[in-house]
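Next come two complexes, and both contain chain A; in the first it sits with chain B, in the second with chain C.
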Partner chain A sequence: MIATAPVLLLVTLAAFMLVTLLPGDAVSALLASAEGLDPRVEESLRLQFGLDRPLPVRYVQWLGRLSVGDLGRSLLSRQPVLDTILARLPVTIILTAGAIFLSLAIGIPLGLLAGMRPNSLVDRFLSAFAALGVATPSFWLGILLGFVFAQSLGWLPSFGYRGPVENGFWLMAQHMLLPWLTLSAARIVEVVRQVRSGTVEIMTQDFIRTARAKGLPERMVVWKHALKNVLVPVITVTGLAVGHLLSGAVVVEVIFLLPGMGTLVVEAVLQRDFPVTQGVVLTGAVATIGASLMADALYGLLDPRIRYD
Partner chain B sequence: MTDAVRSAAGERATMLRRRFLRTRTGPFFGGLLLVLITVTILAPLLAPHSPIRQYLDHTLEPPSVRFPLGTDDLGRDLLSRLLHGGRITLLAAFVSVGAATAIGLPVGMISGMLGGRGDIWIMHGVNALLSFPSVLLAFAISALIGPSLAVVVLAISIVFAPRMARFARGQTLVVRETPFVEAARATGASLRRLIFRHVLPNIAAPMLVEASLGVGYAALIEASISFLGAGIQPPRSSWGLMIKEGFGYMDSAPWVAIAPGAAILLLTLCVNVLGDTVRDVFDPKVRL
Partner chain C sequence: MIGQHTCSLRRHRVAFLLGVVALTTLVTAALPSLAFQQTPARAVHIRIAAVEPNIKNYDPHKGFSGLEHRVLYAVFDQLVRFDRSGNFVPGLAESWEWPDARTLILTLRRGVKFHDGTPFNAEAVVFNFRRIMNPEEQSIVRGEWAGVESLEVVGEHRVKITLREPSAAFLASLTDRSGMMVSPTAVRQFGEEFGHRPVGAGPFILQAWVPGSHATLVRNPDFWEKDFPKADRITVYQFKADEPAVRGLKAGGADFMQGVPAKDVEWVKASRNFDFIDRPTVSALIMSFNLTRAPADDPHFRRAIQAAIDRRAILTVVYGGIGQTGTSLLPKGFWSVDPVMLAPAYDPARARHHLSLSKYRGEKIGIVVSPDDRIVKTAQLVQQFLGDVGIQMEITPLPGPEQLARFFSGREFHGRIGGWSGRPDPHINYFAVIGCGGSFNVPRPRGFCDPKVDELLAQGSATRDRVQRQKAYYALDLHLSDQAMVIPLIHESWAVAIRKNLGGFTPYLFGKPIYKELGVK
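After this line comes the complex of A and B, so read on.
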């Protein structure tokens, strides 16, 4: 378990440095379009932004505002960064949560299937498929899926987003199915691998032999006794994978034109909107840390042998 | 005595080579990777056309004898762009993983050998950097500095260095507890001597495997940030940029985006399978 407080502090430091140490600052980004402007205007703007103060002072001030939820304002829309992020957050959460659900719902049964009969035809087929799955660039997969299922076959809408509140769950799910599949493909493969190797190991354990010996049907042995033990590490790894998923979500959102954090940050970065960039990057890191904390908590819940003192 | 050591090392090398050849996947994907690297290095000799020459009366043509993989929207030969783009993608992947290892390996070894408070704070820093979603961080860095090949390499290195550091530290912690390190420490060996003489030779093999697995992932990150518009800039080509360029023509000319994606898939597949195989070869518990 990582120590959260010092890591969070260092995360804020890194996010602060990301936009402070790199060339160009908020003022020059703001004035990029206004050429031949009086240099004194630029100077007074720098004073107004507090860019004349020493770095450590600016960091502490920024941290103080951050602690009350003030992430600054967007240089483009002048909206508070926090509001902008909160407006985009649901899309990214729906995308990521759906991908996690899909990866478990597909990965666990397939992993069990392969792990029950190691080196069988099914197992070999799945492991070859897994090697391919890990190596596939997810955005390329998304483009191909969109091409096949939306453009050629016309089974699904190829892009756009329909909120679940206004349009109902099914219309939302139709629009999200391809993004979910794209984002979860690599995770499905990971889950299959992990469940497979866990199952292979568990099936040789004494308690499985005991369960069989007392006459339990095989179904019960697998789904109740084996699965319970296999799932614990899967939960942890899923928690640790949230960072990866958020990375993937950036590209997937761009391909399928989903108005989430990914499209927000791509627009912000390309237009040098520093406060928004910083806000999204920071949110991504905090979400990653939060997910691994949650995984730790679940881990303790599922395995009573683990206690955090 | 030195002769005995030398012949033991020689025997071990022979044994490892035999184990490697016994796996069917190792030599196959290793050979494929060599072919891939060779054709991209020889791109200027092998490419049938210039990668930036625009045949404007041959835009978006399907594969033919003259253009074996077809042409893109500006009438550029896709095979030539693929070969030249591969040089950039492979260069970016190998150099950035190399740089990340050069930074991460010493940091991880020092952190692991130091222990105590120094170790704890170095690892806090490493964990903080690892909390940022990798594509997001690499994209932000390269877009904010200004897109170019060097910046892409720098961005991927920054993303990868903490990974390598954490891995090196984990390996170091294992070696640190072995009797020979303890003995060396007892004779008063300096930290530098301990690290270079005892830790490094013993963690080199797993580090190499980890780095080779990183190459595939680095290629994926390069592709992602070029796809998002903050990587390699046209008219140069990289595999990620080619997918971006083909993305808009999926309905009329799907081959434009399919070829570079397949190339990335092939590269990553070779590197991953090879890395896994080498790991098994070095692991005496795995029967081959």
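After this line comes the complex of A and C, so read on.
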């Protein structure tokens, strides 16, 4: 756990450098929003935002406040960054968690189906489908799903977020189903491919032959002996996928008008709102590191050989 | 052994079945029911699809973007309002008088309260004005108050403003952010949070705002205009792009959208559910130059560009014919624009003639554009028109901050094709774009200073007499057109889709819908 601290430090430093490499600062971003700032206001805003100080000083000051748990305030909305992130975080968690669930719930059975009978019609169909899925950009898929299920059929709402606490699970799920599908599509095919190739390989192994030889029914062989082994790489890709999902969330949130972290960070970068950018990057890094830690812990559950003491 | 296996097999099967059941319930439960709950009869709830990215706060004195106005107008009433054609009409100020050219006395409406019950009176108004003028408050509109010498409460409902010199544009600022009155109690109570918990005296109360999602406005039962607002509740869905907003409309999730993209206009017109309205606004698409940089400093060269562009084609191809071709910074129909003035003619022969007189020698000129679909398409057409007469043009799409750092600073590029959002008074518009020291005049901060422009600008702002002002602005438009200093291309119309059972939408020239007027027909 301690080892993650330098990683986080490096990530925030990199984010800080990247944002400052972009031309312009928060004040010029404001000016460019066409309302036309008074030059005197322009100067005093720079002072107020602390943009007159040199870059290293600003970074160190930000770190100093961070060490006492203060993420600062957004330059533009004047809201505490922590509050802003906490308000947006649940949406993104629901979005990515749902996408992970869907990708596993759909991907694992399909992958097993294909892997059990390699080169069969089902396998070829699923492989072709998977290739198509990998090649489909999520913004296009999102628009297409919205067009079919919201606009043409009218089965689902085309936009908006309903929190599960105030509106109940079902209303939330209705609004999230299209975003979930959009975000999970690429992950589903990833899981299908992993499970398929794992199954194909494992089904020829000795212990499977042994299991069959001792008279176990085929389902038992697959679900108890094969699946556990197949799942290890699936957990690896899912752990890694958290990072991808967070970046994919940006597009999905824009298409379905979800007030999550993805749109927050895009706005913050475009407007050079440095405290917000840093806050989101930090949260994303913590989530990604947390996901790989969790994946590591799960290996142990599945495979006794990699249990940690 | 066998028994144990069967048992665990059963367990797995049960778990698998449970998984399948859970998934199917999830899908089927979501599918059949139409997700949009109809509001109960009588209470009028209007859902608006708005493309409003980057809204950061709803403090009228401290906001940043012109897109905030739609909600600001609903929450905050203004001292002075404008009617459809841009004339001043009373708002929270019942009347006003100018005892002399430098003194303005506002008489305030009686019996008005802010949403939190704070009485609206002269003291509240002066609190607002002082808040704007206080340098520590960093108000975005402090510049409008630079010419104010003093403020004085002259009675419970009268306020006297003394200006340093006569200004025709000052009253116009009271129709905008400067005239939007905030509750002093709420400002003191909420401090920096005020922009997220705005309290005004307008027709609606901001009940909830989820940044990045929506704003919910509910009727203010104590609003002083008894006939307004027409709706009980308005939800503004704040989309970040056109596409999802239009889909929201088509899928039945919204009742109103202003700014339907050209490609979807035909759909609205053919729709059984929506009416289509279009009206010009003060916003303009213009081509402007760094007038200090060769060859754009040469009037012959700019005249060649002006004559080479076929505005009609741009209007048809990019805007689907919705809007008007530009003659001035402001559209035809606005009081300061000469109704008989013609848009510069499309005349390639004339363009070639001017080009032969110019110092242009075949080099590539760099034009910066905003990365907006319509603007980029327009720029591509312009590129083609200029190519036809022998001018090589290169397009660079850049977001605002980069434009500011690279073009407005005067460092790179020869010109820009971009939007100008338009302001209520002609002086504010012309000064910003072409006045000496205007914020959009390149290179910042001073820009290119043309003595004739400054003289006509001074004439236009020295008097409140509309005929005198018209004379100045007509002359200014002719001068700008003759010198081709700014080339107006298109005045975009807001294409509006409104559900057939709704009415009351008035298109204002300022392009911002007034939500209190929306209601059931």
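Quick note on the criterion: the second predicted complex is superposed on the first by the 259 of 309 C-alpha atoms of A that agree within 3 Å, B and C clash if a C-alpha of one lies under 4 Å from a C-alpha of the other, contacts with A are read in each partner's own complex, and residues count from 1 in each chain.
Please note the rule applied: a contact is a pair of C-beta atoms (placed from the backbone, for glycine too) under 8 Å apart; a residue touches a chain by one contact, two chains touch by 3 or more.
Values in this document were obtained by computation on a predicted structure and should not be read as measured data.
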After lining up the shared chain so the two structures overlap, which partner does A:V281 touch, if you call chain B first and chain C second: first, second, both or neither?
-> first
Thinking of the overlay built on chain A, is A:W223 touched by chain B (first), by chain C (second), by both, or by neither?
-> second
Tell me which partner A:F256 touches in the superposition: chain B (first), chain C (second), both or neither.
-> second
Look at A:Q151 in the shared chain and tell me whether it touches chain B only, chain C only, both, or neither; answer first, second, both or neither.
-> both
With the two complexes superposed on chain A, say which partner A:L270 touches: chain B (first), chain C (second), both, or neither.
-> both
Check whether A:V165 is in contact with chain B, with chain C, with both or with neither, and answer first, second, both or neither.
-> neither
Does chain C touch more residues of chain A than chain B does, or is it the other way round?
-> C
Between chain B (first) and chain C (second), which does A:T136 come into contact with in this model arrangement: first, second, both, or neither?
-> first
Report for A:L22: first if it touches chain B alone, second if chain C alone, otherwise both or neither.
-> both
Check the residue A:L121 against both partner chains and state whether it touches chain B (first), chain C (second), both, or neither.
-> neither
Overlapping contact positions on chain A, where the chain C interface meets the chain B interface | 22-24, 143, 146-147, 151, 254-255, 270, 272
In their shared complex, at which residues does chain C touch chain A?
-> 5, 8-9, 12-13, 16, 19, 23, 26-27, 29-36, 53-54, 56-57, 64-66, 135, 138-143, 146, 192-193, 195-196, 210-214, 237-241, 243-244, 247-248, 250-253, 399-406, 419-421, 432, 439-440, 445
Seen from chain A, its contact residues with chain B in the complex are 2-3, 6-8, 10-11, 13-14, 18-19, 22-24, 131-132, 134-137, 139-140, 143-144, 146-147, 151, 243-244, 246-248, 250-251, 254-255, 265-266, 269-270, 272, 277, 280-281, 284-286, 288-289
If you look only at chain B, which of its residues touch chain A in the complex?
-> 120-121, 124-125, 127-137, 139-141, 143-146, 216, 220, 223-224, 227-230, 240, 243, 247, 250-251, 254, 257-258, 260-261, 264-269, 272-273
Please name which positions on chain A make contact with chain C in the complex.
-> 22-25, 28-41, 44-45, 48, 73-74, 76-79, 84, 87-88, 105-106, 143, 146-147, 150-151, 154-161, 170-171, 173-175, 177, 216-217, 219-220, 223-224, 253-260, 263-264, 267, 270-272
